[in-house]
Amino acid sequence: MTEQIWSQPITKIEPNKVAVRGYRIDELMGRVPFAHVVYLVLKGDLPTEAQGRVMDAILVSSVDHGATPPSALAARTVASGGAPLTASIAAGIMTINRHHGGAIEGCMNVLKEAVARKREKGQDALTAARKLVAEYRAQKKRIPGYGHRVHTDDPRTKKLFAVAEKEGVAGEYVDMGQAIRQAMKETLGKDLPMNVDGAIAAVLCEMDFPPEMGNGLFAIARTVGLTAHVFDEITNQRPMRRISPTAQEYSGSPEREL
Amino acid sequence: MTEQIWSQPITKIEPNKVAVRGYRIDELMGRVPFAHVVYLVLKGDLPTEAQGRVMDAILVSSVDHGATPPSALAARTVASGGAPLTASIAAGIMTINRHHGGAIEGCMNVLKEAVARKREKGQDALTAARKLVAEYRAQKKRIPGYGHRVHTDDPRTKKLFAVAEKEGVAGEYVDMGQAIRQAMKETLGKDLPMNVDGAIAAVLCEMDFPPEMGNGLFAIARTVGLTAHVFDEITNQRPMRRISPTAQEYSGSPEREL
Amino acid sequence: MTEQIWSQPITKIEPNKVAVRGYRIDELMGRVPFAHVVYLVLKGDLPTEAQGRVMDAILVSSVDHGATPPSALAARTVASGGAPLTASIAAGIMTINRHHGGAIEGCMNVLKEAVARKREKGQDALTAARKLVAEYRAQKKRIPGYGHRVHTDDPRTKKLFAVAEKEGVAGEYVDMGQAIRQAMKETLGKDLPMNVDGAIAAVLCEMDFPPEMGNGLFAIARTVGLTAHVFDEITNQRPMRRISPTAQEYSGSPEREL
Amino acid sequence: MTEQIWSQPITKIEPNKVAVRGYRIDELMGRVPFAHVVYLVLKGDLPTEAQGRVMDAILVSSVDHGATPPSALAARTVASGGAPLTASIAAGIMTINRHHGGAIEGCMNVLKEAVARKREKGQDALTAARKLVAEYRAQKKRIPGYGHRVHTDDPRTKKLFAVAEKEGVAGEYVDMGQAIRQAMKETLGKDLPMNVDGAIAAVLCEMDFPPEMGNGLFAIARTVGLTAHVFDEITNQRPMRRISPTAQEYSGSPEREL
């Protein structure tokens, strides 16, 4: 039976050679930081130093958010039935979807649409943002990436924008994010700051990532926290316990300075 | 109904504050590289600069291995049925288990046992290794972390040991890894070099990681490659296609220098 | 912290009592066949005897389709990495999605739309079908549930319609399914018989199942075959083998009569 | 590249023919009940009528157990993040493992060991049971399949044994299950009746199922309940809600008679 050969553009394997996107992994090791390699593997080319540092900040920002996100609860619950570490982590990762983490993709789509229109019509950001906010409102569609159920002024958002600014990566998508916030404030009479999903969305747009990769980036970062949660569940908790999403507290290291 | 409060030691969430293992995430962002934060989240404390760089090299080494590992095939196959990005990635991650990636944990257990005995009996590494290899042989148990189905002299192994050496992280576990190779060569008459799983195992032992976390670290690194594979499958391939594990080739960027 | 109590309408648990949809499980056992209980759990009420027998035929029809569907390949591939039975089955189940099994939901939506219009406009089935086929064609949308990559005249389709007919469950949705086939034949000049997904879709419409449950019913039936495939993989195959989707054959019992 | 052809003994696919374990699916449909086909697919041969009815009762017994088992909570939690129906069901299925459902496999292993010894030594059941219970106690190993966190006298257990008795399927494994209960009562001074997992274990032993298939059978039955839970979560609940495992009640149909 002849089979058609299919191809993939990610990694070349030959005896004693492994090359991702054209670079030998052993040459990347020790020279290019992991976060920059994440950028390389996903985008196909190495980032500039500035882009690499922004990607690093994105990944650090999303590494964990405690035990209440559904991904952490799902992962711990699967572990409590006796599943192995990786199956439990996997359950957490598949929880990342439209409602959980999905705001990155959703907000990227909105920002791309708004900036495309702005360019097309030669408008300034605020004019384009007002138009878009009015339309979304008329269609009763939510604009993802603004507001948070816990944080009113998310420190991760501020820091990510500061890093992007300092590295020269912030541009018209970050501006549009702020313009939309302003336009929503005028319309709704309520100031909803961008949340960390929105900030990541803006910065990923600046680095030309496709929106459909939003959940993937979030999954890469959050796998770290999920691994720690599952390991803790397996090591320190009773099998089949009832895992309350609310009756829960932090028992780790007290706050400390870098 | 009163519920008992349970606790987790990983992340503290308060309004406008997210702190992992005691450090505010917004302070980590832009200052501590992602790979070092991975170490922090999993181990509970920040690595030294040297340990952080070794962890970075570990993560880069395992980022992808092309389309033939079962994790990549499972992820692409799930995607071809129409599942979303994260469910497909998750299928890849749960494939990482005893036989796929599991050599890290297996080899860590062997190295820990061998070094513990060496210390206990005041033996040198090679003596302890010969004893252990003979025992494993008598019990027909395989020693994981040696040999590879594609690579005879894995460049990732050499580089990881070089980085660990340079950073002063290599010690008695790395030595024991070499001693076991020597002992197996004497016994089997065949030189099986450590593969990348074995090298990671030795270096994780040096940094005092628990063996049960081996698959977790591998999963963190490989999520990157899986995301790229699934994105490629969804974007560039036909749904429900038959995904051959053999009739496959690399079509990406030609080799390039850093 | 006071928590809001949430409710679910499926199963009541009290000490020494388990009641699904109002019926005590121990009373159902031995009296109501499993397939009828599937109907009860999903729909909320027991089927008539006729509906129960049709549901039974649906479940039997989808129990397995060999080793080439992506669900079977994904499940076997995950198992080959060393994952446990249930994680491997789970990977198979999550492969059932838009492209694999999804034709049931897709076809139910088409049939419901077509019958709703027919009723609304007082048309006969063929007139409504021609209109709908023309519209789908103009919008370049495919009508799911017709044609098969292996079977030109699927024996499961014929049998399911025969059972539905005999049990008095076939009605205007089954008719509409045939009318659409006729309309497509007139338009495309090609006769695409309904496949088993399409037949199941028509019969589920007759029993008033929501289309969004289509993949669920398919998953329930296929879990059986997936369990057998994963068990076979774990028991009889080599770990980490390359699982070809094409170089594969049946080695089981020769054909036999009931 | 020549590929080795691999084989599977489950289903033969040819154009217009689908045969599981040698029987054409269209001949099974409408003639052999789904539960009997489950037996056929898993065991390789059709059950007797009696065995088929016992298998039916097993599957009905495990169809659901409300919202508190970790499988139901994991499935609902994954759904609340926005994952599709089948990914959410899959998360529930992979939760079925050592601690959740695993008692079936565990108890089958114990019963098989006890009966093998009884036969070997020509002992009566109680003597063999006392010996085994004493050994397990000395090694501080738990005997799975006895006691339940909610039910003291599980009606499903009684009914399953009654069905097995009536169908002539109950034999020395069911006897041994009772002998072990008696031996534990003598030793612990506490009467722990068999739970439904234990009862299923005994009956599966009678029908010569391998213990490693225990979780698979449980998964097949429970997929039904999981589908209903996930559908309810997607249809009737708010995304990203906090799903309490305790502050929860039944809101379905009042109790009713068959």
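By written order: A, B, C and D. Residues from 1 in each chain.
The criterion applied here is as follows: contacts are C-beta pairs under 8 Å (C-beta built on N, C-alpha and C of every residue); 3 or more make two chains touch, one makes a residue touch a chain.
Everything quoted here is computed from the prediction, not taken from an experiment.
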Subject >> Other chains in touch with both chain A and chain C >> reply: B, D
**OP:** Name, by label, each chain that touches both members of the pair chain B and chain C.
**Re:** A, D
Subject >> Distance-maximising chain from chain D - centres being C-alpha averages >> reply: A
**OP:** Find the geometric centre of each of chain A and chain D from their Cα atoms only, then give the gap between the two centres in Å, rounded to an integer.
**Re:** 40
Subject >> Mean-CA-position distance for chain B and chain A (Å) >> reply: 23
Original post:
chain B to chain D: how many Å between their CA centres?
Top reply: 35
Original post:
For chain A, which residues are shared contacts with two or more other chains?
Top reply: 3, 68, 83-84, 86-87, 90-91, 94-97, 243-244, 246-247
Original post:
Which residues, counting only chain D, touch chain A once they are in their complex?
Top reply: 68, 70-71, 73-74, 77-78, 80-84, 87, 90-91, 94-102, 149, 239-240, 242-246
Original post:
chain D touches which residues of chain B in the complex?
Top reply: 1, 3, 83-84, 86-87, 90, 94, 246-247
Original post:
Within the complex, which stretch of chain C touches chain D?
Top reply: 3-13, 15-35, 37-38, 41-42, 44-45, 53, 56-57, 59-61, 63-68, 84-87, 89-91, 93-97, 150-156, 158-160, 162-163, 166, 210, 212-213, 215-217, 219-221, 223-225, 227-232, 234-235, 237, 241, 243-244, 247-258
